[in-house]
Each structure stands twice: as structure tokens, then as C-alpha cells.
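Shared between the two complexes below is subunit A, which pairs with subunit B and subunit C, respectively.
Let's turn to the complex of A and B:
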């Protein structure tokens, strides 16, 4: 057991190191100079003022240092929990910008991922071997998974937001409110949350349902199922065993899907102008905000790694073979 | 196995319950809050929850593209919408339509002699913390410019001193009176309170968040979040008594843009009263029954705000040849851009590029003698006459020395209207035999190329409408050429004579219209003969309004207000603030 997790942790550590390094590198390989574009926005008339300002900000962000030194400083600051100052939202610290956006993204992603996984698997298992459902609902699932998030999101925003007028099309909560502890505010939050959630949920749901349905059919046709049936076991029992076996690849799939969902959230948040990390990434790239981009990716990388680790643990819990393997090693 | 599932079940169940109780809100109150404040208009007594009653709130958008990060009036390019104008105020307002200055914090101002300007402040103006505005505040504000990183530091290259003569009088002495620039500073610089700012370091002045802004204006800070900033009206704004003007909305909530599509959606849901976004196809909404209005009910729909120039890199061949530049000017099918790309939301530019508000400064004789018109046959002939011939038979002309001409025209990726426009321009160029291809680099990459002069052609609209065409000629002709040209003369055009004339123009008093025109005529002659950059079209002061909550928006209708309907930065002092005093609540 300890060895298993020790090895996993080492791998995660290395992944983290590599991811952070790449994440530090990429914005610096992008063309253009963030300070120059920041200064050009200032619309100064006099060249002397421009020069003074440029020198000042380059020094402030430490961009005048050699690359290796910037890289070391970056790790140093990171270990102190300092993510730097945002260039785009100057002079807000990056940590502040991210902390304000994180609740929205997590509130969107966590339920969307877990619920779609749970509901998709249940539904897929249920639909398998029920011809009527299989022929009507699953094709819809195919369409849903093949739908790009953005397209579905725009359709939802247009249909339920603008035409039907039931849901708002932008923002994290009503523009008429201030955050407070009241049912009204919670309702507003939920209402603004619903469409982005739905678009993420639907796309992921379709994928899980199809996967599960295929797995169940495969398992029901496996030898052990036939054997159980021949022994006269009730159908319910056979299906339960089939489900347990079928769910294992789905758990692995969940780990793989996490990264994709983060990207999906990005697009969805942009479409609904939802104030989470996704909208921030886009703006950070557009404005060449190195520090903000680093901070967000750091957060995402950490999140995905933690989630994968959790799934590793879950795997140990649900798959006896993993435990058996560990026992043999230890 | 069952036991293990029990571990996960509560987790999922919790999620379910959470979603169930949040998404399962009774629809009625939820729908109300979806259209911002619809709930509030029915139940205005929500004060306890800090809501903004719909009928007292003005929702604006189109200025802010990122979370409000600072309220620092010195940072007039990225402070939260309304910091300058709603909270901090300038000495004068400038009305671009009539070309007149309106005393604002100042009561009057005049040149005592050629190098001394005397300013009288209004009596009874108070800061939002109750202290009176005095001459010391004005002196302090201008002296902040002695810090090199303050954006108006350049004033001190010709301003010698600013002193408070008494509590209401300030005297400015100049080493070289640049009257045009000074007039610009009088309305574009806002005054900050000395008693709040004097203890701040340069670092703090230039980079501070200034989260508790103390100003003289009609509004004070209320609250902000990453996608909005809210201002609340304050009691005792001086103009209510002095000018009998009052801002009508109790609250102003400015919504941060994420995209123009979202702005369009909010506008259609009546969630925005004033949108200053560029919304392609807005003409359809204006002509349809969507309740969306623009300044003009017909083309061009918008007031003009700035000129889009085709900037040519005059350090490169063949753009270093005026004959080539003039031929390109005649070849560009601007009409096709105006109609095809913009659907008539913009106007084609005058050959001088001066905005319609500056029409009186255009010397029509010079324009009719030297101005260009769209005529591709003539453009072709101009190229041939100047020695650009197709010697290798590939359908494109070559340089005079026989080398190939392969040029690129660039605009930032994602700027869809400009991207379409340069496709039209490239087609136009090809029609007269110039090999020009459109390219769409990343914005920051283009900024790099632009300042270092590593481009062939691009579109730029850096300079906005202001009190003086000097701004545009400074943009076209400023010398000397630096290693990095960050804000002006991107084409690196060098003409000492023209630059001298531009400086001479700066030395003309704004009221000396004849003197200005005389210099302008000489500048325009050089401009049209040399064509350092080609004016294309006038971008609009993008502005869409709805009337479900606020009416009497500025428009071209005879009895409507004529001030600028906008919250754009640096536009509140060009009349945006007056718009807020003109609008009326729709009901009651």
C-alpha cells in the first residue's frame, strides 16, 4: 500500500514540476512584450513618458532579469505563496484575482462532472438491453457528446435566455444585487449557474451514457453472466455484477475527462460571461498577462492532479484486483 | 462492494441536494432577478439586501473589458469606468459638436498675457469628504506631473510653474505656450484632493488602487465585483446649485464586457440601458421593433469618434515614395468597407482624415486641388507614371529597380470588422496591380511590430476626437523618430517642415481660428501631397440605448439632447456627464 502510493506521489510530483515549468515557459514564448502593450494602452503622447513608464514596469515585474533568474524567482515566490501581480488587472495580486474566480468555476465543474458521471452511468446501464430506450434516447446521447460545448451553450443562451427569457445570459448573479446571505441572492446565484451547468452536464452526460451502455452489453454477454443465468440467478443480481465490472473503465475515463472538462468550462464561461477561471484564461492570454496565466494554470494543474489522486484512491476501494496486486508487492 | 458504494453515495447525494435546492427555487422570484432589477422595480424596498432598484439604476456597458482593478484617476486608461467624470472632475468640459469649452470646476480661465494663464475656481465646490475645493488642489494636481511616470509629465516640458494666488485663483506660467495642448489638458485632466493625496509616494500615485476615491463629482463609490462596478449618487454635488443640473440615476452599475454577443443579449433583455459596445448588425435592431436606439435613426447611426488610418511604413520600399502612397489611397474601395463590412455604421473619411466635428478646419480648396478619390484606373496610371511596371508578367507591378513587391497588411486577430476591411483593401490593391496580402497576428505581436517599425501596412485609430486637430497632426508628423514609436507616427514619416508647422499650430490660441486655419491649410497641403498615412473611415462613438427605464437619450431628433451618449473613458468630459443630467426616468 505505502509503496503504491509512494510511487504515485513521486509521479505526481514530477508531473507537477514539469507542468509548472512548461507553464512558466509558454507565455514567454508568445510573441510580443506585455509591458509594451500595457504602456501602449496608456496612450501617452510624449516619448520620454513612454520610456520612463516602460522601464518602470519592466523592473517592477522583473522582466529585465535574465531568464534563468526569472525562473528561480518564480519558484521562490511560488513557495512563498506569492503569484505576483496581474498585468492586465494592474495592480491586483494574481492570488486575489484567482480566489475570486475559483468558487464559480468549482461550483460549476464539480457538480457537472460528478452528476453527469453518476447520471450518465445510471442511465446508460438502464438503457442497455431496453430496446425502446436504446433506440430513442441513446442517439440523442450520441448527438450530445458530439456537440461542441460552445455550440450547445450558445443554443441554450439563445433559446432559454433571450427568446424564452427564463434565464439570464450573463454574470454570476443578478446585476441588481450585492452578495449577501439571503434566499434571494442564493436564488439569483442558482439561476445564473443553471445554464452553464446544464451545457456542461448535457455534453458529458451523453458520453457517459453511451460508454456505460456499451460496457453493460459487453458484460452481460460475458461468460460469467451466462453462467450466473444458467445457475438461475435473478436478473437483478446479474445486472448488478455487470454494472460493477462495467464501471471500472468509466472511473479511469473520469480521470482522463477532467482535463477536457476544464477546457469545456473555459468555453462555457466565456459564452455565459460567467466570472470563473475560464473567462480569466482567455483574457490573460489576450493581454499577455504572464503572471495571471501562470497562476491559473498552476491552479488547474494542481486541481487535476489532486482529482486524479483521489480517483486512484477510489480505484483501490472499488477494484479488489488493485488491492490484491498491492498485497503481492508489499 | 455495497459498503464501498456507501462511501460514495452520500457524496453524490450531497451534490444532488445542493443542486436540487439551488436550481429548484420557485421560478417566480428567480425570473424577476434574471432581468436585472425587475424584481426590484416591483419591490423597491429591498434596501436591506443592498439591491439596486431597477427604476433608480442605470446599467451601462462597453467600457470596461476586465474586472475593475483600480479607481486611480491618474491611470485614465484602465481605471474603473466612471472614476474620471463621475467622481473626479476636470476644470472644463469640452463639447466636440459645437467646439466650445464649458467651465466646470473652473468658473473662468483666460490668458493674462502670452505666457500666463489665470484660472478662477468655482465657489462652493466640496469634496465628497466635505472639505472645500481650493486652488491648492489644482496646483497639487498639476504638480503631480513633475513625477516622470505620471502620464501628463510632458506638460512640464513647457509649463514653468503653477501657483495658488488665493483660495480660488491659480496662475500658470509657461516657458513656451503650447496653447492647443494646454486647452486639451484643461478638460482632460481631473483634479484630485491635495489633503488625501499629498502623503502618497510616486509609487502610490501612479500604481495605487485608490479604493476610497474622494472626488467632487456627482457619484461616489458604492461597490464592485469582478464583473461590475457600482456608483451611488451623493448629496451636495456643486452643479445642482450652480448650474441647476442634476444627475438622474441614483445608482450607476457598469457591467464588465466579456463579448459583444453578451452585450447584445443583455441589451435585448433590457438589462443594459446604455451599451457602448460595437455591435455589428445593430442597424437591424434599430430598424426593427426591439426598442434599441442609436444617435441617428439612419446611417451612419453613430456620432464619429476617431479616424481609422491606413498606416504605411515609410521606411520601406515602395512605401517611401509619395506617388506610391497616393496611388494606394486612390485604389482603396472605402465605400465597399463602409457598406459591405460595416453596414453603413461608419462614414468614409475626408481626404484629410479630420473628423466631421472638425470640418471647419479642413481647407476645402486644398482638398479639391490635391485630395484623392476612389478611382482605380487613375491609381493604375499613377503607378505606371511613377515607374512601377509589371516587368515579369505575373500581374503585379515591380519596384522601380525591378525587384518584386510583396507587401503585407496587418490587423490584430479577432478584430473581425478590421479583418474584413483589410481583405477589401488587399483586393483593391491587387486590382491596381499591387501584391498585398492580409495577415492577422496576435495583438501584442502587432504592437511590437508597430513600435519597432517592422510592418508594411496596418490599420490604426489610436487618436480620438478632441478639442484640436493638432492631435491628429501630432499623430501624423511627430519627430524625431525614436527607436520605438509607441503612440504616434507609426509609419516613421520624416518631414521637418511639416513638424515645424505642427508645432506652430500648437502655438496658436484656440480662439484664434483664422490663425489656426492658415497653418492648417499649409499642413494639409503637405499632408495631401505626401500622404504619410491614408485616412479610411470614421469609427463611430458606438452607443446603443434602450428606453424601458431611462428616456430622453441624446439623438439627432430636434428636441433631444445633443451630448455624447457614452461612458467611455475620457468621454465623460466630452459631454458624457451631461447625458446623465438629461436622461429622465421612464415612469413617474
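Let's turn to the complex of A and C:
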């Protein structure tokens, strides 16, 4: 057990280390003079702002210092929570900009991931039961998983938002409101949340349903199922055992799909101008705000790593085999 | 080695191939997926020849719905959407082929080496695989693309290939692990065949069907990642792609203007390419795996 978690922690630690190094390395590999080009891209009008920017960049890149020292300084700043200053929203610190956007992204992602996983598994297991259902569910599931997140989002925005006029298609809450603690505001928040959530939910749902359907069919053909059937066990009991066994690979699948789901949330937010990290990335790219982009990158990587670790723990709790014979497989 | 076992093996493998072909030709999923994919491929290959010219050129009336002159209508600026679509399809296939191909090659190289060598080599490669596996690919690509200012489809595809290989490496490693202790591999090793040759002639052929299916999934994955990158504005600036078309449609308010002909074709194109690949994959699974065949 300790060995298993030790190994996992080592991998996550190394991954974080690699991500930070990539983040540090890329601007230095960029052709040309990064400081001059970034200052000119920032489009600042006041000369003192330009000078401040120039000094800030030179200090941050520490171009007079040796490379190893620049690298250590980068880590030092990072561990103090200093991700630099946003160019687009100068002079707001990047950490503050990100903190404001995070609740929206988490509010979309967490329910979409958990609900699609739960519902997809239930539905996939249910579909494997009947041929007719199977033949209709399967193609729909494949179409859903093959759909790019942003396209489904665009279709939903157009169909339910603009043509039917039920849901708003842009923003995190009504433009006429300021964030406050009232039912009216909460309602607006929920209305704006629904379509981005639905598009994320549907794409992921298709994938889980197909995965579960395949796993259940595989488990129902396994020896233990035939044995139970031969003993005269009720079909419901056999199904329950099959479901339990089929859910385990789906948990591993969740860990593998995490990066894809996060990516889906980012592009979906762009479609709906939802004020989370995805929209922030778009703004950072459009405004050439590389500090913001790097900050979001680190935030996403950290989030994915933590989520992966949580899934690892859940896996151990759910699977008695891993609990018993821990250590061989990492 | 005498000639007879070789001949026997050749006959046997020909038999397996004939059997696979027999079931392939009767598998509805495989054929349907293949038909859709081929139709789109042909459209991408020959469409740009028929609908010649710069896909971004302003050729027609602005804001025109589909008609005989402009089959898929025109954009807000009078660009022909059909021309953009067929050029975009070409880009989609290029991203899939290059990205998927590079990822498959890296995944195979690392998976075979790790699985066959074992020991320290395996530990190191496995660690590397796990690291790349948990790094969210899109986040890495966003940062790299934004900094390097990559605006060409082939370079984008290369970067996608470099980040999407880990799960294949992992799967191939596991399979190589189980294959390398089999008798025929031991026999080859005892008769002094070099590791590289054992991997390519003894181990790889035994999972050729699996490798092919992995490539198909990587192809689809590359297409989806490429479309996401294009959509957030890191696509090509000198040419067109389906993701870029969606980006343009969203940016210039095609939704509010009710220009459904601007955003339906590109998304449908991506979904059709990726979806037909996935369905083909299920079909292939049934062809290669007798347990799954419907009687």
C-alpha cells in the first residue's frame, strides 16, 4: 500500500516538475528577443508603464543571471504563489485573475464529470441488456463521443438558446446584474450554467455508456457469470456482480480521460463566453498575455494531478484486490 | 531452419488473413465506417481540385444561404463555404495521419522497448510514459503553440503526435510483456536472433491487428485535438481547417445571424471523420476477435 502510493506520488511529483520546467523553458526557446516583443505586444501607452514592464520582464527572465539561477528563482516565485503580472489586465497579478475564474470552471467540470460518469455507466449497463436498445444506443453513443465539444456546444446554443430562446447563450450571469447573494442572481447563474454543462455532459456520457456496455458484455461472458448462471442464480444477481467488476476499469478510464474532459470544458467555455479558465485562455492568447497563459497552464496541471491522485485513492478503496496484493503494479 | 515450418506458417497466416477478410466483408459496421471515411477522403483529395482557388478568397455575395452557385452558402464576407470545407477536410486528414502516425511510432517504439527489455530500461520508460500520460495534452499544446507562434498544419500535427502516444505505449508494453515469455520468442532468442529482429518479426506481427486499431484511435484523437487548438485561435493563418471555420463562425456571430450553413458543415465533417473511425474500430474488433462476432 505504502509502496503503491509512494510510486504514485513520485510520478505526480516528477510530472509537476516536468510541467514547471516546460513552462520555464519555452519562453527561453522562443526565437527573437522576448522582452522587446512582449512589451511591444502589450500595447501600453504610458511610458512609465512600458518602463515598468521592461524592468519587470528583465527581472523575471533575469537575463543577466546564469541559467540555473534563473531556474531556481522561477521555482522560488512559484512556491510563493507568485505567477507574475497579467499584461492584459495590467497590473493585476496573474494569481488573482485565475482565482476569479476558477469557481466557474470547477462549477462546470465537477458536476459534468461525476454525473456523466455515473449516468453513462448506469445507462451502458442497462443498454447491454436488450438488443433493440443496444442497437440504438450504440450508434448514438459513438456519434456523441466523436463530436467535438465546441460543435455540440454551438449546436445547443443555436437550437435551445437562439431558435427556441429558452437559455441564454453567453456569459456566466445576466449582463444586467452584478454578482450578489440573491435568489434572482442564483437563478441567472443556473440558467447560464445549464447549456455549457449539458454539452460537456452529453459528449462524456456517450463515451462512458459505450465503455460500460462493452465491459458488461465482456463480464457476462466470463466464467464466473456462467458458473453463477449454472448454479441457478437470479439474473439480477449476476448482473450486479458483472457491474461491480466492470466499474473498475471505468475508474481507471476516468483518470485517463481527465485531461480530455478539462480540454473539453476549456473550449466549451469559449463558445459560451463562460467566465472560467477557458475564456481566460482565449483572452490570454488574443492579448499575447503569456504570463497569464503560463499561470493557467500550471493551475490546470496541478488540478489534473490532484484529481488523478484522488481517483487513485478511490480505486484502492473500491477494489479489494488492489488493497490486498498491492505493490506489484503501479 | 528448414523450409517446411515456414511454409506451414505462411499457409496458416494466409488462412487467418482470408478468414479475417471473410468476416471483414460481412461486417456492417466496418463497411459503413469505411464507406463514410472513403467518401470524405475522396472529397478532401479531389474537392480542392474541382473547387479550385484560395479557400479564403472573397468570391461570392456575402451572407448567402446554400444555393446552386455556392453549395454550402457563403460566409459573412462572401467566402465560399464548400471550398473551405473541402480544403478543411484535407487539413483534417493531414492532422490525423501525421499526428496519429507519429504518436503510433513513438508509442510502439517505447512500448516494445520497455516491454521487451524490462528492468531499468522499463522502469525509466514507464516513468516517462506515466508523466506524459497525466500531463493534460491540450494545456501543453496551448502553451507551446502560443509561444512558438506555429501557424502551419503539419507542425501542429507533429506536436500533437509528440504528446498523444502514452496510452499506446502502455498497452503495447503490457502485450509485449506477455508475448516475450512465449515459446516461439524464447526459441528465436536461443537461436541467436537479435532483439530488434525478434521485436519486428516475432512480436509485432502477433499484435498487428491491435496496432492498426490503436492507430485508428490515435488518428481520431489527433483530429479532435487539432480542431480544439484551431478553435481557440491557434490554427493556421495562411490556410483553412475545419476547426478554424468553426472559430470564424463563432467569432463573427454566425449563431445570432442564423447562418447555420456556416457552422453545421465543419462540425459535421469532424464528427463524421472521427465517428466513422470509431465505428470502423468496433467493426475491426469484431473481425479480429471471434468472441464478439454476431452470429
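What we mean here is this: the second predicted complex is superposed on the first by the 281 of 330 C-alpha atoms of A that agree within 3 Å, B and C clash if a C-alpha of one lies under 4 Å from a C-alpha of the other, contacts with A are read in each partner's own complex, and residues count from 1 in each chain.
The working rule: a contact is a pair of C-beta atoms (placed from the backbone, for glycine too) under 8 Å apart; a residue touches a chain by one contact, two chains touch by 3 or more.
Everything quoted here is computed from the prediction, not taken from an experiment.
By the touch criterion defined above, A:256 reaches subunit C but does not reach subunit B. When both complexes are overlaid on chain A, the residue A:143 reaches subunit C alone and has no touch with subunit B.
With both structures placed on the common chain, the touch criterion links A:155 to subunit C but leaves subunit B unconnected. Between subunit B and subunit C, the partner in contact with more residues of subunit A is B. In the superposed model, A:14 lies in contact with subunit C only, and not with subunit B. Of the two partner chains placed around the shared chain by superposition, subunit C is the only one that A:26 touches, whereas subunit B remains out of contact. With both structures placed on the common chain, the touch criterion links A:300 to subunit C but leaves subunit B unconnected.
The contact surfaces that subunit B and subunit C form on subunit A in the two complexes overlap at residues 30, 154, 157, 161-162, 169, 270-271, 286, 288.
Contacts from subunit A toward subunit B in the complex involve residues 30-34, 36-37, 39-54, 56, 60, 86, 88-92, 97, 100-101, 110-111, 114-115, 118, 154, 157, 161-162, 165-172, 174-180, 182-191, 193-194, 197, 244, 270-273, 275, 279, 283, 286-288, 314, 317-318. Subunit C makes touch with subunit A in their complex at residues 126-127, 130-131, 133-140, 142-144, 146-148, 167, 220, 224-225, 227-228, 231-234, 243, 246, 249-250, 255-256, 258, 260, 263-264, 266-268, 270-271, 274-275, 277-279, 282, 291. For subunit B in complex with subunit A, the residues that touch the partner chain are 1, 4, 7-8, 11-12, 15-16, 18-19, 22-23, 25, 27, 29-31, 33-37, 39-40, 46, 49-54, 57, 59, 65-67, 69-70, 75, 77-78, 148-149, 151, 153-154, 157, 206-209, 223, 225-228, 230, 253, 255, 258-259, 261-262, 265-266, 268-269, 271, 414, 441-448, 451, 462, 474, 482, 484, 486-488. Across the complex, subunit C is touched by residues 11-12, 14-15, 18-19, 22-23, 26-27, 29-30, 139, 142-143, 145-151, 154-155, 157-158, 161-162, 169, 221, 256, 258-260, 262-263, 266-267, 270-271, 278, 281-282, 284-286, 288, 290, 293-294, 296-297, 300-301, 304-305, 308, 330 of subunit A.
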